[in-house]
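Next come two complexes built around chain A: one with chain B, the other with chain C.
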Partner chain A sequence: GACRVSMSMTEIRAGFTAIKANIQSRDPIRTLSILSHPHSLHKVKSSDRCCITYQLFTFYVDKVFKHCRTEDSFVNRKISSIANSFLSTRRKLGQCHEQNNCMCGEESTEKLKQILANYEGLNVTSAAMKSLGELDILLDWMEKSR
Partner chain B sequence: SGELYCSLPNPRNVRFESVNMKNVLHWSAPEGTGDGVFYKVKYAVYGVGKWIRKPECKNINRTWCDLSNETSDYEEQYYASVKAFLNGACSDWMETTRFNPLTDTKIDPPMVSVSSTDRSISIVLTAPEKWKRSPEEESISLLQVYPGLQYNVSVLNKKTKKRWFFSISNNTLVVPWLEPGTAYCVSAQIHVPTPVLDSGYSK
Partner chain C sequence: DALLPAPQSISILSTNMKHFLTWSPVIVQGETVRYSVEFQGEYEREYANGSWIPISECSLTTATICNLTEDISASVAYKLRVRAELGATRSQWGTTKGFFNRAMTSLTPPQLRAVADGHHLLVELADMGPSFQFRVLYWRKGQETRVQQKVLREVSSVVHLDTMEAGAEYCVKAQTHVQAINRSSSFSPTQCVRAQGDKSMWLV
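So, the complex of A and B:
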C-alpha cells in the first residue's frame, strides 16, 4: 500500500558500518542467515514492501536490539542509537499500518514466518547478534527499493 | 578423509579487494615461509550451507584469486578462505570477514568529457560500469546499482586559482559566465550518499 515515511538511512548506515566488523565477528555461523535464505528480501513484491518493512522493524525492535548487549561501550552506544532510529521509524510505519495502508500478502506472510523460524532456530543471543549483523541486508534492500 | 594435522603458519591478512565490483581475494604468505608455498581457495555464499572450491585457484603459488564471477550477485554476501601447503605441511583455513559487494567495493572516478564555447563549459559525466564476465555481456552502469549516485564536480580557473564546486544528480553540467581565453581544469568525483561510497577525483 502507499506509505511514505522519512528516516535517516545515512545515520543508521554510519552507525552500523562503525560496528559491522565487531558484530559480524561474534557470529560464527556461516551456513545460516536470518534474513536472506531461503527466501531473499529482494524477491518481495513492491505491494508488500511497506508491510515487510513494518514487520521487520517490529522484529528488530522487539526481538533483536534488546538482546545485543556487548562488553564494548562504544558498540553498545551505536546499537542503542540504531535502535532509537528504528523505534521512531516503526512508530511512523505503525500509523500507516493502522490506516490499512500497509497490509501483507500471503507470500510476504510466509517470508516473515521463515525469518522468525530462522531466528528461533538459534539461542536468543546468537539469533539476535546474527540478526544485528545482517542489518546491511535489510538496509540494502530498503535503499534499492526506495 | 580427515584433515591433515596442520602445523604450517597461516596465510595472513586474507581479504577481498574490490573495485567496481571486480572482487579479488588477496592474502599474504605465512610468516617465515620463503618460496615453495602453494595455496587452495574456497568460498561460501553467506547463509548457504556449503563451501565451494575454486578450481582455478587450486595449488597456486600467487597470493591472489579473482572471485568476481563467484561473487557477482551483489544481493548476496560472501566469505572466502585460503589454506597454505609447504613440503607436505599445511596451515589452517583462514577466512575473510563477511564481504558485501554492494558496500565493500571501491568506485572509480567518472569519465569526464568537456566541450566549451568562448564563455561556457559543457561537462558530461559517465559513471563506471560494474565488472562483467566478458566484453559481450551486457554492461551495467554503477548508476543502476546505486540509484542515489551523485557527482561532485570541481572547476578551477588556472589563472586566478578560483575553484567552484557543484553537486549534481544528473550527468551533465553547463558552467556559464567564464572568462574567454582562460584555462579551466575540470575534475569530478562520484558520491553515493548511502551506503556511503566516494570515488577519487578524476584526473
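So, the complex of A and C:
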C-alpha cells in the first residue's frame, strides 16, 4: 500500500533557506557530494522512495544534526527547528514502515550504503555540515517525487 | 546564585499558532532584574544530550514575556526555561511543568465580513498567517440543505463566493484549518446579506 505522510515541507524549506548560505560556506569541499555520489536520488525507483525517505530521515536524525552545533545562535535555532520537524516526520514514516507500506528494495539498500560510505569518508563535523548543506537536494527530490 | 529567586508562574500562552512564554517578575528593590529564556525540543532531549538552546531575542530582557513562535516550529514536545539575572548573579532555572506541543494551540474562529456588492456575494477574511487555510460555507437563506463550500489556502483580502439572485438573502460562515497540526477552529457566527433588488423597469 501507499505511504502518505503529511509534513510541513514549507516550514523545513523556510528554516533551511534561512541558514543555507551560512552552512554551505562551512563546507570547503564542494566537489564531493554525500547524497548524490555516484548517483542522484532522482534515479531511485518509485517503489523504493518511501524506504529511502525513511532511511534518510533516520540518517539525518541519528547522525547529522547533532554534529552541526555552531557558534551562531540563529543558526542553532534553525537547525533545532529542522531537526525536530525531521523527528516528527520520521515518526509518521515509521508507522508506514511498521505497516509494511514502506518496503526496502535492493536498490535503496545499496543507495543508502553508498551515502553512509560517503559520510564516513570525511571527518564527522565536515560530513555533518556537508550533509546539512545538501538538504535542498533531499527536499527537491521529495517534492518532485510527491 | 541562591540569593536571586527563580521566576515563578511560568506558563505558555498559545493562540492561533502564536506561542508566548510568560512568568512573574522577580522583584529586587531599586534594581532592574533581567531574564534569559531557553528551549529544548524532543530532538535535543533524545539526540543531543538534553541540550538547551537560547532565544537571543529573550536573552537579558527586562520583559516578562517571550515570543516562542519562530522556535516552536515542529509538532513535537518542547520544554521551556527562564532564569533571572542581576549583574553577575543568576537564579536557578524555572522550567515549564510538563511539555508543550504546538498541536495544543487554541484556534479561534476567523474574523469575516460578508458583503453584498450588487448581485455579488463577497467575503472579507482577516489574514492569520501562512499556517492557516479557511473553509467558507455559504447558502441562500431558506435553502439550508444546499450549502456550498470554498476552501481558501491563501487569503486575498476579498473573495468572490457567488452571484446572488436579485433581492435574495445569503448567509456565510467560516472556520480555519491548520494542516501542520491537522486541526480546525469552530465556525464563526453566521452573517447574512441581501442582494440588491432588481432595478430593471418593464415598459408596457
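Things worth noting here:
Heads up, the rule we're going with is that the second predicted complex is superposed on the first by the 145 of 146 C-alpha atoms of A that agree within 3 Å, B and C clash if a C-alpha of one lies under 4 Å from a C-alpha of the other, contacts with A are read in each partner's own complex, and residues count from 1 in each chain.
Assume contacts are C-beta pairs under 8 Å (C-beta built on N, C-alpha and C of every residue); 3 or more make two chains touch, one makes a residue touch a chain.
None of the values given here were measured: they were computed from a predicted structure.
Once both complexes are superposed on chain A, the partners chain B and chain C fit side by side without clashing. By the touch criterion stated above, A:Thr125 is placed in contact with neither chain B nor chain C.
In the overlay built on the shared chain, the residue A:Gln95 is in contact with neither chain B nor chain C. Judged by the touch definition given at the top, the superposed model places A:Lys66 against chain C, while chain B stays out of reach. In the superposition on chain A, contact is made by A:Arg77 with chain C only, not with chain B. When the two complexes are overlaid on their common chain A, residue A:Ser40 makes contact with chain B while staying clear of chain C.
With both structures placed on the common chain, the touch criterion links A:Leu87 to chain C but leaves chain B unconnected.
An angle of 80 degrees, to the nearest 10, separates chain B from chain C at the C-alpha centre of chain A in the overlay. After overlaying the two complexes on the shared chain, residue contacts for A:Thr10 are found with chain B and with chain C alike. After superposing the two complexes on their shared chain, the closest approach between C-alpha atoms of chain B and chain C is 6 Å.
Chain A residues 10 lie at the interface with chain B in one structure and with chain C in the other.
Considering their complex, residues 39, 41-44, 46-48, 51, 53-56, 70-71, 73-76, 78, 130, 179-180, 182 of chain C touch chain A. Those residues of chain A that touch chain B in the shared complex are 9-10, 13-14, 17, 21, 24-25, 30-33, 36-37, 40, 42, 133, 136-137, 139-140, 143-144, 146. Only residues 44, 46-50, 75-77, 79, 97-98, 100, 102-103, 147-148, 193-196 of chain B touch chain A when the two sit together in their complex. Across the interface of their complex, chain C is touched by residues 6, 8, 10-11, 15, 61-62, 65-66, 69, 73-74, 76-77, 80-81, 83-88 of chain A.
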